[in-house]
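Next come the structures, one after another.
Same chain, two partners: subunit A is paired with subunit B first, then with subunit C.
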Partner chain A sequence: MPQRHEQRKAAWLFLFPSLVLYALYVVLPIFFTLYLSTTTWDGFSARVLPACLEFLANSEELGTGASLSGGSTEAPVSCFANYAELWNDDVFWVALRNNLLWLVFFSLSAFVGLALALFFHVKARAASFYKSMFFMPMVFSLVVVGTIWGWFLQPEFGLLEFLLKKMHILGEDEQFGLLASFHWATAGLIVAAAWPHAAYCMVLYLAGLSNLQRNVLEAALIDGVSRWQLLWHIVLPMLRPATIVVTIVTMIGALRSFDLVAIMTGGGPANSSNVLALYMYQQTFENNRYGYGAAIATVLFAVSLLLIVAYLRQTSRDQN
Partner chain B sequence: MEERVRGPVYWIFATLLLVLWVSPILASLLTSVKTLDELNRGDYWTWPQKLAFENYYEAFVNGGFSRYFVNSLLITIPSVIAILFLSSAGGYALAKLRFKAAPYLLLMFVGGMLLPFQILLIPVFYLSNHVLGTYDTRLGLVLFHTAFQLGFATFFMRNFVRTIPDGIIEAARIDGCSEWRIYRRIVLPLMRPALAALATLLFTWIWNDYLWALILLQTDTLKPITAGLQNLKGQWIASYHLQSAGAVIAAIPPVLMFAFLQKHFIRGLTMGSGK
Partner chain C sequence: MMQRSLVALASSAAFLFLSVGQALAAGNLVINSMHSDPSAKKAFDAVLEKFKAENKDINVTVNVIDHESYKIQIRTWLPNNPPDVATWFAGNRAKFFVDKKLVEPIDDVWKPVEADFGEGAKKAVTFGGKKYLMPATYYHWGFYYRKDLFEKAGVSKAPATWTEFTDAVKKLKASGVTPITIGTKQAWPSAAWFDFLDLRVNGYDFHMALLAGNGNYTDPKVKKAMGLWADLVKDGAFPKNAAAMTWQEAAALLWQGKAAMYLMGNFVSTEIPKELAGKVDFFPFPEVDPNVPVSQVAPTDVYFIPAKAKNKANAKKFLSFMARPESQQLYNEMNALLSPNTKAKSDPNNLFLQKGSAILGEAKGLSQFFDRDAEPEVAKVGMDGFVEFMAYPDRLDSVLAKMEATRKRVHKK
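What follows is the complex of A and B.
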């Protein structure tokens, strides 16, 4: 069919520039990073070979005779040397644990978002003003959020210290210094991150609430269902699609956490609040260990992949 | 249970909640107009004695925020325009043109939008530095943002185009319209609400980016406002009045956009993540 052919040609033409850009910047980089994770690349040397194949390059340079004599080339290293090193890297495990803490506690912002959505789901002119103000943190850069919360939690005069002193939990000349604390720094970061994220969840839940079928709710109320039962047995199940989206964006957000950690604590004190995303950045661009950084990125990618697959399954179910 | 008239108790509680919620914003606004003297005296959480708007002048002129601001615009606006153009064309192709690869390409675009950035950092850095030579240019950042956001944007536009009835497009085809003319003359005008919603989202995301500016730019005079603010925090240690002024300046464009285009923004968020 000529028309069919026309359409196929047009489709590829329409998509061509997008596909080139997307391949260069998104698709191929994934494979390149997976490859790099098997190397010990420092970011400078022209040749990048997997660690276990490096002896080939060495023997080439020395001439074939050298590799035959066997003395000068080192024993082949495993291609998974970076991963083996990660396994024994304490900071990696701390970062991974912190990412899990992020996953768990960052999710609480979804409940805050739901609560706020339920509370402000009111038809009144004033309510829309309140809602806008609640949405506001969502459009701030995390650099801005980090700046604001950074001095809220500042050890000498931050608002938290001020309040703790006012309430006599903290003595006049004591300091708490949440962000400088081994135990509490991550908590401070998650609270800061939850502020804009709860607003985002609130938006998603409000949209879900406005899509609820009114007649079902009214019928239930006529049947004398209590408000709590209505929420638990009718509203929440009907909000399921919103909840799935909220869950996925929250989990992705927790795994992506970089900006706030980099800005507010730099992963400190002594890496106690580090996360995989930041640790990868530090190893790569501060220590020039590109291969090792790529291995950390690969672990992060593997964890995210589970979520991506879940999301793809959900969207393809929605499409059909 | 919803949409009933609420009594005064509700509104008092709502107002308390609101004040608590925006207190970080209020606090930074207040701090941004305090003098250093006042901060040095330890009056951090009091009403400013006089409004020191010169802090904004200081940040804008001496802190280089005017330059950072312009850089952010020069990075954000071309990226948004390029993405709108590419994703509307791609979205049309994926939604209305029949070809076998369409569902796979769609999966690829959707999958990419959830990637952790770290898997892309090194290759994109390498690509800009050694292959394309766009490292340390604003163009390099524009290219990356355009490419990365295409994943979400194409998915978004494709979902919108699917709601346009096939009949309109079929009729045009029978009249002998080329696919380009159909896209340009029929689909694009119908896409306007979706493009507006998408544009507000993209503007906010790209304006607020910090990580990629950190990776792809080195020269201070090219940096966008997020990286600039972070830089200046190093120089202005303990100058919280200037830091706050900087934070407020960095937040103004997205806030203004949100204030005026809130409907589009919210519609975009719910359209994009819903289905």
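What follows is the complex of A and C.
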């Protein structure tokens, strides 16, 4: 018993440094962001008070610091003014809608990844070569992926444009302006994002596949099940752990999409392909509205937390 | 405890003595600059060498901070511990600091050189009757066009009035090229159209008041200016997929001969391919209403003295030095930019600088560009709005209403 106690102490001791870092760099910022979202901080003024308490600062201090922040001496405002503004902000709703579109259509890349994994899980000589070909986009940084797809989809000089014209799918005077479209730009972004992500899912599933219990598969084949039955009733259930990981990385990937959007469209045209993470960045660092940006971050955080907790609870319930 | 405070006392006394000694012997000058790209830095060093040679007793320190960080940091150091000279933008961006009494008026520096500068440049540095800034460099905006394509379409001369302009657009369209190229993947190139049309239709004072937050974006006058733009959009004067192109990609259409003209800043002239030499020319944004005095868009970089600067006498010496035609010429020649001092010469072989220098010198007012004149938030909503408007010109009212709502929230009136 005392030994067990000692072990536990040692475990905490070893965990301590990373826990401190985790608290400092992950937990604390979450609460600080929550706090910031109640303020109208511009990122410069020394004193940061929630919007509803700002009148306290204005009554006692009229120094340059306060005046630079543009602190107003109006009647007290609600601490949730940022959220009220979000509610009436069209761009916020467009961004949220786009995030949900990402969530739905980006997950399709998980199926592609699964299909690729099943396809390549064979012992053929060329398989590893093709595997690495498909894995390639995963190695690129998303900035590179975005740039490549941006060129590919470019409406005047793009490769896709050229190919469509050569194949006479597109007339000489027509243009395939996917990224210029107010309705379809997000589709272009998701396709680009799915390219490396399918490769990532493929690798995760390949790892899962190599852990399958051969004897179960062989027994099933001897019992004469069809290939589809084998896949549906035996392989997929055995891939469950991989599927859980794939689902979570896909959800997170869809919700935090930022880099590709920033590079390929910048959220445009006119915010029609904006997503929460990018909109948060623009409000915070381009418009100097740290409080408003924090409110967007809080909403994004809540959405992610809700979805992921719901999913994890569901899976753990299924396992029991 | 005792010992430690003694040490502190001794060292601060030594520091005080040293700094006083230095001040007596030399006199300091601290300059904060945001011009961090290599060519600008090199040019600034060359000018600074001359200043140092003339003022051997002044001990000059230069802090070069990259452009984006500078814009953020200035708000913390300017009220608290400013340098003696700082670089900044003319117009409303500077007015923000002038209104907070953070900038020293420099009418005495201006007095001897006033005749050297154009009306527009002087307006951009004057607030409430006093001059606060010394313009060091600017560049012009206008149309860069393909002479060969204009001729082929039957347009014999560069359009000077709006009727001539729309006529040229029609002829160019009929000849099978896109009349005007633009790329709004980054939204800012669209804002030049708003700037120029509002300046030409409603005049400099109206435009500047509007952008400073003292006007109404839903004003029928604004709508009238935007209406001219809407007509062009509806006539198919711009590329269909402008929203997916960067400003460089849009320029490529001009170089390839797929488009005939481009409303851009003079930096585009350094990108003209060699094989097009002589085929690309410049004309200023045409006149719309002959009763409105002609002003131009000319983003201007300035020097100013912070109100709390420690060595104002030296700072004024430096500003007087920078106002001279030789200093401006030396600096701007190395950067292919124009000198606000009209006595400074620009490269006689550079057609674009010659034409630009002429129109800016004559201008009755110089605006700084939409996203420098308006508050960042209003500018962002506005530029996104212009992109939307260029795709759906019928949404003009909702675009202007959005801008107005943002202006009201930001300016609280």
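Simple rule for what comes next: the second predicted complex is superposed on the first by the 268 of 320 C-alpha atoms of A that agree within 3 Å, B and C clash if a C-alpha of one lies under 4 Å from a C-alpha of the other, contacts with A are read in each partner's own complex, and residues count from 1 in each chain.
Convention: a residue touches a chain if its C-beta (ideal position, glycine included) is under 8 Å from a C-beta of that chain, and two chains touch if they have at least 3 such contacts.
Just so you know, these numbers come straight off a predicted model, no measurement behind them.
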Partner chain(s) touched by A:175 [first = subunit B, second = subunit C, both, neither]: second
Partner chain(s) touched by A:241 [first = subunit B, second = subunit C, both, neither]: first
Partner chain(s) touched by A:30 [first = subunit B, second = subunit C, both, neither]: first
First (subunit B), second (subunit C), both or neither touched by A:157: both
If touched residues of subunit A are counted for subunit B and for subunit C, the larger one: B
First (subunit B), second (subunit C), both or neither touched by A:165: neither
Subunit B versus subunit C as contact partner of A:284, first or second or both or neither: first
Shared subunit A contacts, counted only where both subunit B and subunit C touch the same residue: 157
In the complex, subunit A residues that touch subunit C: 43-44, 64-65, 67-68, 72, 74, 90, 153-157, 175, 177-180, 182, 265-266, 268-271, 282, 286-289
Contacting residues of subunit C [partner subunit A, same complex]: 72, 75-76, 79-80, 100, 102, 184-187, 239-245, 249, 252-253, 258, 376-377, 380, 384-385, 387-388, 391-392, 402, 412
Subunit B to subunit A touching residues, read off their complex: 1-6, 10-11, 14, 17-18, 21-22, 24-25, 27-28, 31, 42, 44-45, 86-87, 89-90, 92-94, 97-99, 102, 105, 107-112, 114-124, 126-127, 143-144, 146-148, 150-151, 154, 173, 178-180, 183, 204, 207-211, 215, 226-227, 229-230, 233, 240, 243-244, 246-247, 250-251, 254-255, 257-259, 262, 265-266, 269-270, 273-275
Complex interface listing, subunit A residues touching subunit B: 3-4, 6-8, 10-12, 14-15, 17-19, 21-22, 24-30, 32-33, 36, 119-124, 126, 130, 132-137, 139-144, 147-149, 151-152, 157, 159, 162, 195, 200, 203-204, 207, 209, 217, 221, 227, 230-231, 235, 241-242, 245, 248-249, 252, 255-256, 258-259, 262-263, 276-277, 280-281, 284-285, 290, 293-294, 296-298, 300-301, 304, 307-308, 311-312, 315-316, 318-319
